[in-house]
Amino acid sequence: MSSGSVLSIEGLTKRYGATTALSSVSLEASGGEVHAILGENGAGKSTLVKILSGAVLRNSGTIRLAGAGYDARSVLEARAAGVATAFQELSLLPNLTIGQNLLLPRVSSGAFLPAGRRRILAEATAILGRFDAGDIDPRRTVGELTLAEKQRVEIVRALAHGTRVLILDEPTAALPDTDWLFRQVRRATEAGIAVLYISHRLGEVRELCQRATVLRNGRSIGTVPLVDVNDDQIFQMMVGRSPQSQFPARPQVPADALPVLEGRQIAGGRLRGIDFVLRKGEILGFAGLEGQGQSELFRALAGLNPRVGGTILVGGKEVELSSPRKAMATPPGIAFVPEERKVEGIFGGLRTAENISLPVLERISAAGFVTSRRDAEAIAESAEAVALARRYFGFRMDELSGGNQQKAVLARALMTGAQCLVMFDPTRGVDVGTKQAIYALIRRFADSGGAIAIYSSELSELVHLCDRCAVVYRGRIHAEFAREALSEENLLSAAHGHGAETRERRAG
Amino acid sequence: MTARPEPEVATLPPVDDRERPRIASSTITTVIIFVLTAALIVGSRAISPAFGSWSQLETILYLSTFLVIVSFGQGLVILVRGLDLSIASVITLGGVLTTGWLNGSNEYAWALLPAVLLICAFVGALSGVGVTFLKIPPFIMTLATGIIVYSLSLGFTAGTPRGYAPPVLVDFMHARWLGVPAPILFLLVFVVAAVLVQSWSVLGRRLYAVGNNPAAAYVAGLRTRGLTISAYAVSAACAGLTGMMLAGYSDGATLRMGDDYLLPSVAAVVIGGSSILGGHGSFIGTVGGAILLTTLGTILAALGIEEGWKTIIEGGVILTALILLREQFYEALRVQFGKGRTE
Amino acid sequence: MTPIRSLFSSGAVLIAIVYLVLFAIYAIAQPSALSAFSIQALLNNSLPLMLAAAGQTFVVLQGGFDLSVAGVISLANVVVAVYPMEGPGGALVNLLMVCAIGLAVGATNGLLVAYLRIQSIAATLGTMIVCQGIALLILKAPGGHVADWMSYELTDSLFRVFPVTALIAIVVCLLWLVFRRMNVGIALYAVGRDETSAALSGIDVRRVRFTGFCIAGVLYGAAAYMLAAQTATGNPTAGEPFLLLTFAAVALGGTSFSGGSGGVIGSVIGAATLMLMQKVLFSTGISSFYTGVFQGIVMVLAVLFAAAVLHLSQRGRASA
């Protein structure tokens, strides 16, 4: 049900120093429309969301809301204009109650009045009831909730304030099913609210949305009615080239190759008993929805989860991986490429060469001293293996782009001499060119006898890279697919806990 | 499929298509400091003809030796994201043990003096253990260690430190070699060694890694705890060494002899361009900061300024340095003047 | 979480239990401790630290550290001793003076930390040093004279039974209970726990941080005021011992240094416990030289205690 253009964005630009996050983005959404925003990581979706939400200021461009200019400079101003967002990285406070979170920042009616418990309960219950979430008790502390419950509260908060524009950023990431959410979205559209829907799940997008705007590298590529395009065309708009060309063919791995890394009944936290075998020369993929235990598993293999239950065998011998140092030192050596390079991967203030040469400092030192020349010599081979240009060696790590940073992290993993790489989402936040380089590296590494365990949230990657792929669901390996049976549909359906033969209703 | 959270765009690094890396902000700072110090010394001529002279420079370098040594240790601790508030007490400990055990004689000095250093290092290691294993915030841990050590010194001397420094120490502090006071030569050797260790050695590299990103250092397989503890141990050893040298300089020890060095050591490190958050900075900058502060101190003392003003200026200098030396300031400078301008 | 569990995960309750146990031991060893005079003396001694710890809580809750407590107390203490104003009206003027000083320093800290984004340890180290210097300028050595009305009346008891200091402590606690439920109080907890989420929830993070520092400053001023009333003299280094003790009190009270949990009541009781510990130590006849050793050890144990409390309270929650 359309009632004229409610939100219109033209020429929106946002720069952070020398980086352009958004470049002349244009978009138009009508009242009562569910408008999808599609794009790869780094395309600019979250910047767009932040600007609309009032969290970030734009550099230039105009935004019009219901005909009037829109220039929210704070979340409160955005709300006052009727714009509210359910953020992908949930914006709830774990140490406050649901009721307090819903009413923030004005929990109490007066600036100098203490908020009454009963009033909070009444108001919060009313809000939750309005959106079919009456089963949630507003007195509970957010920290106690499951991820799914938190996501619902985040969405309810946005629903409550979004009287003109409702922005939902990956709202189904943690929800068990889409029924509740879709119902609320339909009610919002019936009330004439424009809904911006950001999601990677094309199946959901097709079910809910009428049009989609595709972003790529900070630019709006185009707005298309979803009925008129198929998934491949959307993908082309998002990526700029056909996906098939990225993955060359791969030889088979002999089934009797030596097991390099083995897990037996690995348990603890979200893990309920994982069994797997990774052989020499093999690329073993892991797939799964967020929070199924894959992170705990990989961290255990990296030595970051020492108290994990079950048995881990490295090179055929049972080992307790008490620290990453131990993991590296146990032959044939395990090197970890972490999920968030900013947090656990890079040394931003050190030079790139220093970052990469860290594992071999003693070897390249003369009488305990190292120079930048020795650094450069030592890392030359690894840098070439990841296609990292020499001229970056002297740059500070935080001066590099995300893709080059990731290459440096990989190069360092190679420098350790480990024969087994454990990589968690290595192509996250990385441009397409770097992804190619990483895929090539993974291939070459396996071809020369190394073993790789890789988790990725991009199913197409797993399908084309791996020899085998295990699907993690509720802390266990729910299914395992050999290369012939690998497909995005199979992986997705297994990730939802369905049997391997059942086809999921939604296409990946 | 799972949502992959987009990287925080505000922290997306600048596009790396320039030809050469940027000049480090620490280099700019260091140059500024030395220029400032030189300007101060030369400018102080206006106060009195005795100033702005070589002999004044000599005095300043001599006096700054103590602060430089202590600041090296403090700098290492700050590098690994800590803060050492115990050095005043450890300086006192070094001085008190030296005069108390040796009491004016050189007997066993060859064993006792290193023993004093080891004891001080041990104190530092204790602080380090508290910070790494017990996860106690560094400034609280070192504050506690400092109070404990001071209290022990108090008890050890029963309130009144007696005794004299061993002659070998006294002679060294007053000797002149090659036309300059021996301590100044020691200062030179110390600075060279310290810079080599901090910026060019394997240990130094690892300390920078730990300070820059402790989580990444752990993932990369470094012994983060051991490295951190060693930083605290070195800091305390430096403080102990300073205490020994001060004892030689005044041929005696007092209970508050370390007080004048604690806050200036932090100031020297911060002014010298090292980030108070850790992971950045070089010792040369700290040396400049220490010399600048000493210069400022001597000029203020000569002007007969009260202690209160001296303290205020110290605090003011720290605050100014903190405000001005933030990375944003340098970003702004670069965008205005730098060749590496991309858009 | 069972009721027992939730009780034990409250830092304030735990430290209150510790305090009562300690006091019971002390009273058994020295029955004179139960006299009204003795209790009044204990409270008079404890109030300055209690107020300082209360103030520090407002900064630790937002995940920061305020070293300027030592500087403000020194400065305010010296001002009251150098410019004494007689009579109850004068006492009020003195109070306004110290609160103004505390507010000024707190506002400066707030500006540096909230708006200029300087790390709190560094910024407050700077302001502490500057305050200390100003204190030395005003009064070079212990001396001065505190107004008689202050040193007599404020250390006395109402109706001979209720110490004034106890009243002040209770009022502060009551004010906190109100503050904690005000928008700014809830916002303070939010900012301390997760600044980004707080901002996305509509909270003005900078203003909340700034307010926290200002309130802290005012409380430090009040602490100095009561210290002056207690010691009846001015001392330019009066604030020095408060540095360690304030953080120990906050830690003992169960407020976590990572921010977002804890509260003033715990800190106040923690301060009282520390002072009681000192008294107990003193009465055991340990050489006064070595009290520092015990202070330092207590400090370390206090922090571990706070961490344990936090751990307990989080274990009782389902992981998400």
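Order of writing sets the chain letters: A, B and C. Residues in each chain are counted from 1.
Definition applied: a residue touches a chain if its C-beta (ideal position, glycine included) is under 8 Å from a C-beta of that chain, and two chains touch if they have at least 3 such contacts.
Worth saying up front: this structure is predicted, and the values here are computed from it rather than measured.
Viewed as a network of touching protein chains, the structure reduces to a complete graph with every chain in contact with every other. Across A-B and B-C, it is A-B that has more C-beta pairs touching.
In this assembly, the C-alpha centroid of chain A lies 43 Å from the C-alpha centroid of chain B. Here the spacing of chain B and chain C, counted between their Cα centres, is 31 Å. In chain C, no residue touches two or more other chains.
Each of the following residues of chain A touches two or more other chains: 89.
Looking at the complex, you find that chain B touches chain C at residues 83, 130, 134-137, 139-141, 143-148, 150-152, 154-155, 158-159, 263, 266, 270, 276-277, 306-316, 318-319, 322-323, 326. Of all residues in chain A, those touching chain B in their complex are 16-19, 21, 41-42, 44-47, 50, 56, 88-89, 170, 173, 199-201, 288-290, 302, 304, 323-325, 328-329, 336, 338, 342-351, 354, 358-359, 361-362, 365, 368-371, 391-392, 394-396, 398-402, 404-405, 412, 416, 425, 428-429, 457-459, 492, 495, 508. Those residues of chain C lying in contact with chain B across their complex are 65, 67, 112, 116-119, 121-123, 125-138, 140, 243-244, 247, 251, 257, 287, 289-293, 295-297, 299-300, 303-304, 307. Those residues of chain B that touch chain A in the shared complex are 1-7, 9-16, 19-22, 24, 196, 200-203, 205-206, 208-209, 212-213, 215-223, 279-280, 331, 342-343. Residues of chain C touching chain A in their complex: 177-184, 186-187, 189-190, 193-194, 196-204, 260-261, 314, 317-320.
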